[in-house]
Amino acid sequence: MTTNRMEAFSDGVIAIIITIMVLELKVPHEATVSALRPVAPVFLSYLLSFVFLGIYWSNHHHMLQVCEHVDGRVLWANLHLLFWLSLTPFVTAWLGENNFTALPAALYGLVLLFAAIAYYILARALVRLHGSDSLIAIALGKDFKGKISIVIYLLAIPLSFIRSWLACALYVMVAVMWLIPDRRIEKTIVH
Amino acid sequence: MTTNRMEAFSDGVIAIIITIMVLELKVPHEATVSALRPVAPVFLSYLLSFVFLGIYWSNHHHMLQVCEHVDGRVLWANLHLLFWLSLTPFVTAWLGENNFTALPAALYGLVLLFAAIAYYILARALVRLHGSDSLIAIALGKDFKGKISIVIYLLAIPLSFIRSWLACALYVMVAVMWLIPDRRIEKTIVH
Amino acid sequence: MTTNRMEAFSDGVIAIIITIMVLELKVPHEATVSALRPVAPVFLSYLLSFVFLGIYWSNHHHMLQVCEHVDGRVLWANLHLLFWLSLTPFVTAWLGENNFTALPAALYGLVLLFAAIAYYILARALVRLHGSDSLIAIALGKDFKGKISIVIYLLAIPLSFIRSWLACALYVMVAVMWLIPDRRIEKTIVH
Amino acid sequence: MTTNRMEAFSDGVIAIIITIMVLELKVPHEATVSALRPVAPVFLSYLLSFVFLGIYWSNHHHMLQVCEHVDGRVLWANLHLLFWLSLTPFVTAWLGENNFTALPAALYGLVLLFAAIAYYILARALVRLHGSDSLIAIALGKDFKGKISIVIYLLAIPLSFIRSWLACALYVMVAVMWLIPDRRIEKTIVH
């Protein structure tokens, strides 16, 4: 089985998730600055989730480039990842509409956590299929960023109930960390 | 006619169906656990439908891999399948919002039933086109799982009006049965 | 310029149009047959529009298979077609929610009319690009079905204001006429 | 890295943006002309945004045809463009629902401005990657239309608060200017 159709399907799902989130930006009825104000926090949460989904798409793209084939296990590991990502619009809207308060911030982190775990499982399924001396295994290496992200989410979720803005700051920190492009895979291809 | 564009179109439609279902998870206005509670059954029905659509996508993917071409009949058999799948978001939301009660459970089963029949018709159209000694004919074989699914749906629909939770348990059973990957086709390719 | 990306983009847009229409099937709050009743006409209009969009997708697919390249003019003729098709969810919902009455029936026909004209323009742009002795020119031929459809829409639109159900019957007639697969192009490829 | 998957993802996102905008055309409850009247300005703003997104898709298509590969920087420049385009449905609906008044007209222009800047950044990232004597560098040339568009947006945004219809006329002017197909790239390919 080639990776083509799984890539196309994932692209489709991520493209739709990233785009329907904007439907949660409720269009105000009046043409005033004050009518626009409640949209501001939803816009910020949208921006954060857009970046997270962009990171997932970009890393997914990189990872599958060094893969040659997929099997049933990989297909379902991928669907599992897409499931958690598909919950992003819901938690994003809840977070934005409630001004980044405790419970929505914790739930947002929980979805990020499960997505990160799902990505980890997908990566392991790909390594298992291609062998431990394959390009994908070398490219992923120790997957430091993946593991540290999970640790930060585990810290941020309980922190949400004490200082919810601090939890959100940690989410931003993870996003920034990932925005630095994943040179590991690009390097592996070059050598 | 090659299978490419039909696969791409089906991927697109299934990706959109799977994703817009999440729009039925209505974002609560308050940031409390009690505000989140009514979302729980809708989340469960979403999870069930996500798995069903994942199964359809995965099986569709497997089936078309052993096909070489399509004709007008296959295109329409495929559109017929997509029609029933496109009703999933509606019945999923109705089922979830009404706590898995009788009528929504029956209608949910009805849509699953018609989708299963449509899939069967599509499989037959593909076998007819490729011949009874083709890879696709051998791979599908007696299609035991497809037939047993239809029987279970036929049982579950009337059962909804007696014990709706039992009907839903049967739907979950069908999903679990299909989650065990379809080794028939993978085996056919290997030999 | 190859036809690939225009096909992919059109597939995407048509897949989304066909799928978001289902969002107009408003989920009733109660789990009763009477609560489901107002959904029935919207379901019927959805079914009709699903068939029309399926026809457009299928014909578009057939037509582009005998084309080798596209230019800027074709890209915009295609976007023009997609524009009219994108209005389908709006007129479909209006038609269904108002029980196939006069004005919505007329507007539905108007959108079908403009889509049919747009398809005709796209076909001409493709013929113009490939030359009058090209496969696409031979395949399209006199385009009898395309022309008769436009005539029927022109009759049905004023008829909506006298007998709206008769106008809707004419739309169904056009759909049935097109459901008979477009053998012209398949024949051209074979010979 | 090849351009394929970035093109496919962009196609997906633009196709979804262009299509979900139509969900902002709220279906009126009554079947009368007067019930349809409030939809008219939203329809006009939808038409304008459809054309803008069509232009972006078409130019994106042209531009990537003369590119051979992409890198992480290009992927993110592309996601940055898609972010601004994804805000189109929101500002389009706000503009239409408020009859093209001052603040919505200014915000609409602001989103167009940021999208134009993002496109410029993407073009520069592609030129940087392929070198200043590459096809893409020659094809883009001095990018007169791109620069003049940005200047017009910068004029139109403050103008919105004085004469909002004049600002909207300027947006239409930019769209018309771009509708004239981008012959630069087609010419470069020919020679």
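The first chain written gets the first letter, and so on, giving A, B, C and D; residue counts start at 1 in each chain.
The rule is short, and it goes like this: a residue touches a chain if its C-beta (ideal position, glycine included) is under 8 Å from a C-beta of that chain, and two chains touch if they have at least 3 such contacts.
What you see is a predicted model, and the numbers here were worked out from it, not measured in a lab.
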Checklist entry - After a C-alpha superposition of chain B on chain C, what does the rotation angle come to, in degrees rounded to the nearest 5? => result 90
Next on the checklist: Looking only at residue numbers at the chain A/chain B interface, is the share used by both copies over half or under half? Answer same or different.
Outcome noted: different
Checklist entry - Can you give the whole-Å distance between the Cα centres of chain C and chain D? => result 26
Checklist outcome for this item: Note: chain B residues in touch with at least two other chains are 8, 12, 16, 20, 23
Item to check | Interface residues, chain C side, partner chain B - complex | outcome: 7-8, 11-12, 14-16, 18-20, 22-23, 25, 27-33, 36, 47, 50, 54, 57-58, 61, 65, 179, 181-182, 186
Item to check | Of all residues in chain B, those that touch chain C in their complex | outcome: 1, 5-6, 8-9, 12-13, 16-17, 20, 23-24, 71-73, 75-76, 79, 82-83, 86-87, 89-90, 93-94, 97-98, 101-104, 107
